[in-house]
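Labels run A, B, C and D following the written order; every chain starts at residue 1.
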Amino acid sequence: MNNFPILSFLTFLPILGMIIVLFLPKKQELSIKVTTLVITGLQLVLSIVLLMNFNYSAGGINDPNSFQFIEKFRWIDIPGFSWIGNIKIDYFLGVDGLSTPLVLLTAIITFIATLSSWNIDKSIKGYFIMFLLLDTGMMGVFVALDFFLFYIFWELMLLPMYFLIGIWGGPRKEYAAIKFFLYTLFGSIFILLVMIGLYFSSMETLVDGTKVFTFNLLTIMDPNNYTPYGILSPLNPNNLRLIAYIALFIGFAIKIPMFPFHTWLPDAHVEAPTAISVILAGVLLKMGTYGILRVSYPIFPEITMSLSWFIALFGMINIIYGALAAMAQKDFKKLIAYSSISHMGYVLLGMSALNTMGISGAILQMFNHGTITAMLFLIVGVIYDRAHTRDLDAFGGLGVQMPAYTGFVTIAFFAAIGLPGLSGFISEALVFLGAFGSGTTRILGIISTLGILLGAAYMLWTLQRVFLGKLNEKWKSLPDLTAREYFMLVPLTAIVIFLGVYPTPMLDLMNASVNSMVKFINNAQVFYSSLNSF
Amino acid sequence: MTETGIINISLAILFLPLLGFIVTLLLGKKIKSIYLFEVFILTVTLFAAIFVAFIKLSYYVDDRIIAEIQWFKLSETISIKLGFLIDNMTVIMLFVVALISALVHYFSIAYMKDDPRYNRYFAYLGIFTFSMNGIVLTNNILMMYIFWELVGLSSYLLIGFWFEKKSASDAGKKAFIVNRVGDIGMFAGILILFLTYNTFSFESIFHSIAAGKLPFNSDFWLTMTGILLFMGAIGKSAQFPLHVWLPDAMEGPTPVSALIHAATMVAAGVYLTIRIFGLLTADAMMFIAIIGMLSAFIPATIALTQNDIKKVLAYSTVSQLGYMVMALGIGAYKFTFFHLVAHAFFKACLFLGSGSVIYAMHHEQDIRNMGGLRKKLPLTYATFLIATLAISGIPLTSGFHSKDGILASSFAFGSLTGNWIFAIVGFLVALMTAFYMFRLVIITFHGQPRDQHKYEHAKESPFVMVMPLIVLAGLSIFIFYTPNPLNADEGWFISKWLPAPVLSAPNNTRFDFMQETAGAVTHNPSHGTITYSESYTEAMHGAHNPAMILALVLALSGMLLAYIFYQWKKINVDKLTQAIKPLYTFSLNKWYFDELYDKTFVAGTIGFSKLIGWFDAKIVDGIINGAGNLTRLLSVFTGAFDRIVIDGIVNFAAYLSGFIGLIFRRIQTGKVQTYLILVIFSIIILLFLFND
Amino acid sequence: MITLILSNLSVNIQAIYPEIILSLTLVALVIFDLIFNKQKKFLPLISIIGLFFAFIFVIPEFGTSRSAFPTSENNSLLSIDSFSAFFKGLIIIASVFVVLFSMSSNEIKSCPDRQGEYYSLMFGMIIGMFFLVSANDLILIYLSIELLSLSSYVLAGFVKTSIRNSEASLKYIIYGSTSSGIMLFGISILYGITGSTNLFEINSVLGFSNVPQITFLISILMIFTGIGFKISIVPFHFWTPDIYEGAPLPITAFLSVASKAAGFAVLIRFIEITFAESLSKSGFWQLIPYVNWQNLLVLFSIITMTFGNFAALWQDNLKRLLAYSSIAHAGYLMLGVAVLSDQGLTAVLIYFSIYLFMNLGAFFIVMLIANKINSENIDDYRGLGYSIPFLSTSLAIFLVSLTGLPPTAGFIGKLYIFFALVDAKMIVVAIIALLNTVVALYYYIRVLKVMFLERTDKHVEIEISPLNFVIILALLAPTLIFGVYFTPLVNIAKNSIQLLGF
Amino acid sequence: MIEVGLNHFLIVSTFLFSLGIYGIITRKNAIMVLMGVELILNSANINFIAFARYGNFGLQGDLIALFVIVLAAAEAAIALAIVLNIYKTLATVNIDEVDSLKD
């Protein structure tokens, strides 16, 4: 088990599948779909194997020795002088309690998204090729521990996403696609800049004692590795670190998406096909917050500390702004999209607290939001496939017509508004506990509790507009859920309920990492302040 | 029978209804008669509850049984636990809930017959019972909150059970959201508690408070915590100013109203306040008392003029709950609980009775179309009457004792603190209660039938519906609580079963009569009513008789008035209403609370959200697109533009390139000589730039 | 004094074997064309063989650093060093591809009787470039530029009957001859100031005696004009879009890669040798402060890339779009030079070798499509992604690489440029350059959008000959492989930054 | 009787150069434009020779001049051929009319 490169398999299985699909003839639609399904299924199995062999006591975050399933070897190794001619890049994969939940999430969501892609009708082959490529990109981001590798995977997702939205999307797909692309690229150039900046600021000591610049995130995290006059080194009297942090933050925030960089999301969601919306909201949004936790936090702990209030502020804005904006929507999918913005706000709020409860809450919320929002988008997809409209006012009384469907909807909605017994509650509660626990974010936390109320308001209102009241004659003939749709919704529902009743498995998974992160940031704070003193 | 045995049975009591819910919901479509399973489950639960109550009250009467398990943990220090706290109140409440729930189940078998979603209805009743038991059993505030929300859910589902009716779904939504308002406060309170004491359990929290550990080390925050937690009760128990949801909740099926919105769930608020009584400071209690007073008074005045039989009962419920809350606020700890239980029975009886009437009248709810029904529905009438006597506080009923106790306490409170307002309001409400209840009885059952046709077809309800009425009416008799028909203080319910409250709020923050002066406080329940200080006991003794007499007089006079108005018609009601038209309409329109809230909060939120929506579409996107819009203008002049321009940041790029591009177009004329001129010029410019 | 020391003539001859071989090939082509003017199909074969042998002789030049044709004991006309060898290598690779392109270009095929002419002129260009990249005497530079240009003037107008071609060549020759004339005048002034045309001598003169500032600047700028014309940087780029659009596609491709490479080579050599004072440890060049090269070059590069990108946003003709994009790329390359350090130089070399593949690839596919639909207009590409998936996908990959997105090689090229910039603390410039890539994305993605996102009912069928298929793969492979594994590339580049005299 | 010095030559060459530029920029007839180019080249030649003569730089300058003359001839030949071709295809040598390639 220890020498089996499970993470590489997780990451590159989809590429394999892509190649297979590439050689399948266009006409073999079914076999293409099945191949994809098998591949994603295998991925899911692997991720569960990963989970079963996971060592719950290993912290990770900044300590290379407590990462698990590490695969590390020189990828680019160019000898030369001290300057960039000498460049070493590692192929460095590994997981800890922070990434494992998201790896699992990715596997689950992709598998379900494959199922929901079943009714894609035009140019199936292209679709699944892009789909699998996207899968690799997402998985890679979550397992990469080398900044360069991380960035490659990060960018790798852009193009497939562009095509998936742009070719298989709705009426204004081209607009949505380009908007998504330009926004994210705009964000990632900042990431790139900071990446290069960090590369020139931190040195890794090789076995033979020579020092070389490095992309290795864990090496960069260790403040002792900074070169005295590295452009982003804390020893450097310039205050570029702050600017770099903000740039990096913006880069990630666009993916979250954080107000005011969120306007790509509603368009992208509305235009994207259901499966893609599911992936977009279920996994892609998490990359933003994951990036912040994985990169920004441990590398710039002192700045994280000093800016936590602003992060919390944006979290609060996201929560309330998103909820209010959602309330104003007429389009079912757009409403869910805005609700995602609101829910990602909880993640931001939680991480800003910088204490155990807050960060666990944030990570848990990432996972829960992933599953819940996936359900919600599937739900929208179901109704859209049948009625071919998403206008909330066009419906009503579907509760009579499609009782089973309504059942799932009710669960999903109440999970979304944080009803106890469903997973959403625990993460939100932890987030608020965290926010209250830290003096800096307490007030913002209190204000954010409004989100609970607003969330209930727009969700129940939607529930009423679509499912309650008199049945609109137009929809007399809508069939209830098909077997496939059951197959997509039931597992998610199971997860949502299980984690709502018994979150321990998921929390144990991340406890060690969360605690070591909290410890690391607080200790690092001390270290850096000592630096600034002289 | 060991304590673990009690714990296990309680577990069974908790989870059986959940089982019923799951089975009934999942098999509901397949098996038509699955509801019988649910009914059976509830019967079992009921017996289990009776058994537990019996064991506890007879063998473990002085013990508090606590069991805890870890739910999840975040680190070595932070771990979240779930657990049970089983004391006498718990078992009594368990019994009340189980009993009424079971009776409602039976009642519903007939009442809900030929409803398309029959099984689902019973399933919902199941999950409600589950959540309610959870609230009753828990030993920690978090678990309380969890089940709190769950009862909210089940109430949402049951109020909106006939969701085809817009009014029904609206009512459900309203109930849930209004409750959420209160819950936010409660949630905040819980957060404060956890952050201060790093635990949710009542026990440990009280201990630390008693040990002098305060939230943010200030009395003020202790008070605030109390008030915040109490906000939850304001929502659930429909206290002023969040009482508006309860009357609307009557959209639900009548048995549901009886179970949830009269007997159990709405009482949960009071139950919560009783549980946190230990940490309440004087200020917090004052706040609670005032809220309670308002909630007792306002709905009572509204109930005077309502014509919908359920609406009248609803407002009387709010009023009675306000009564309890007020009582708690002035320290009448035991009588609050007493009244809670008593009220649960007779109000359930009243609601089921009204249900049986409505059933007989084919879903006619307006009392102005009823009358003379006592001949047609003798049993319903009899039970209804007993319950009415109970609620009005006529001797020999449970209500007489509980109410009397509360009024006496208010009297004592007045005499001790010189603050008589609660006493006055208390008596006033007693008067009004008697009046509007008898008005209801008279108009409904006495006199001549107003709607002959309906009257003809009306007939006594079947046994399954009448039996619950009889049981509940029976339980409204004093004998179940105390042997002495005139004084409950020595009765087992007050003196034996209910322990004195454990106070942990710092001494200096309490009412004087609650402070711990040397050897004053005794927690020995055998000493009947002795709680708090000696002076309090004195005051209680002194207050007892006058209060009782006064209460009785008022109740009777209220009754009398009702007879004069509606039975003997000595005074023409219409004239009177004409005379006090403004007051009448004000009361008839429920003090215009709904209108007010709709105009302010609801409209406000919706409007604001619209604004935000617009803002998001126009401004936020617009900041980026704004340039783009300019570009569109520009594109009128330059042909190829529109095609290229998309939106957002792209527009911006395109906009820039629009400007630059326009110049470029001038440049790239295709005339080689123009190019060369430019080359020469740029050389010259560079010459000047770099000539230093 | 240009006085060839005949004694070691043989040694000097050996130094220019590649050039000699190319010249022989040229002659061979002409003769072959004259004798068997029926077997046109052998001409490309001959050219490729010639190029192959030339390459064989270029290889040993790597790592060497010697001068040929000395004009005095320590100065010479040519310097044979890794740097020039690297560029010669690039030029040969490019030429091979262009020859292959030409074989399947309708435009070239359209005048079968002048094939020989075509290939021989192309060799004229190649020889010009070869001398250009290793020349370190201004006159030799001038002459080789002229040789390069004169051949390309004709080739640009190769298809006499086509109006586009003729116009292109006319504009090209007027523009070109003028700017080379200006360059010559500049050289003459420099000659007047320093008394020599040899870069080393000029360098030493500048070293100890001081020269009239303004006159010197004029001369430098005039010379810069000539070179700027070759590498088409703003504001000397005006010919580029018109000629690129007008000329036959293989030639356009050739101009956009090979002659640009030669131009950059000579620019770098000119700056580094003429102005070098010393080389600092960290690889930064210390230049004689007569001209503030850094500001000059940064200014040029930023203007160039911005202009190129923004202008490209407008284009509907794909050739023209690629023309502007190549201008923008010249801007990026220029940034590498502007850093004035070995890092920058490495970045330039890396960028160029990647640029070669992706740009040639893009042009080739445009050509194949144009052969079929006789149009380079973007609107005619609507829905091609579905009728000719392979070509469209390849084009997409090339364009993405040109944009510089991972995991394509284009990203590595840009990455190294930014490495150099950040290392030189030129953060602001880096940010401007990065923002430029976002703009660039927009017009490249527009092509993808038209091909894949928009659909049409008219169906295009293009059968790809095995040869073309191989060519495309040969171009795709580096574009993708260097994106994920660029060690060899960087190694070569790093070892090729050694100029004679350092 | 003034002594002819370097400056005189330089003035002449600069004058020629300017004239050439002027011609290139203003003339409509392609032939004339090309003559402008020739002027530029020759102005450069004058420089070379003058500098060589007065700066005692040896013969290098004169040699360069020879190179340039030859080259100018070649250029002229090609240019004329191209102009001829333009004349064939467009029936004009007015370069203002040769502007179909543009944005």
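Everything below uses one rule, namely that a contact is a pair of C-beta atoms (placed from the backbone, for glycine too) under 8 Å apart; a residue touches a chain by one contact, two chains touch by 3 or more.
None of these values were measured; they are calculated from a predicted model.
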item	value
Set of chains adjacent to subunit A and to subunit D	B, C
Identity of the chain that, by mean CA position, is farthest from subunit D	B
Selected pair, greater C-beta contact count between A-B and A-C	A-B
Distance from the mean Cα position of subunit C to that of subunit A, given in whole angstrom	44
Where subunit A and subunit B are represented by their mean Cα positions, the distance between them in whole Å	38
Averaged-CA centre spacing for the pair subunit D and subunit B, given as whole angstrom	99
Whole-Å gap between the CA centroids of subunit C and subunit D	27
Contacts with two or more other chains, residues of subunit D listed in rising order	21, 24, 33, 95, 98-103
Junction residues of subunit B, two or more chains touched	649-650, 664-665, 668, 670, 672, 676
Junction residues of subunit C, two or more chains touched	170-171, 174, 178, 182, 241-242, 311, 314, 438, 442
Touch list for subunit B against partner subunit C, complex	640, 644, 649-650, 653-654, 656-657, 660-661, 664-665, 667-668, 670, 672, 675-676, 678-679, 682-683, 686-687, 689-692
Subunit A - residues contacting subunit B, complex	174-175, 178-179, 182-183, 186, 259-260, 262-264, 321, 324-329, 356-357, 360, 397, 399-400, 403, 414, 419-421, 425-426, 430, 432-433, 436-437, 446, 449-450, 452-454, 456-458, 460-461, 464, 467-471, 502-504, 507-508, 511, 514-515
Residues of subunit B touching subunit D in the complex	664-665, 668-673, 676-677, 680
Subunit B partner contacts - residues on subunit C that touch it in the complex	170-171, 174-175, 178-179, 182, 213-214, 217-218, 221-222, 225, 235-236, 238-239, 241-242, 291-292, 295-296, 299, 306-307, 310-311, 313-314, 316, 438-439, 442, 446
Interface residues, subunit D side, partner subunit C - complex	10, 13, 17, 20-21, 24, 30, 33-34, 36-37, 40-41, 43-45, 47-48, 50-51, 55, 57-61, 63-64, 67-68, 71, 74-75, 78-79, 81-83, 85-86, 88-90, 95, 98-103
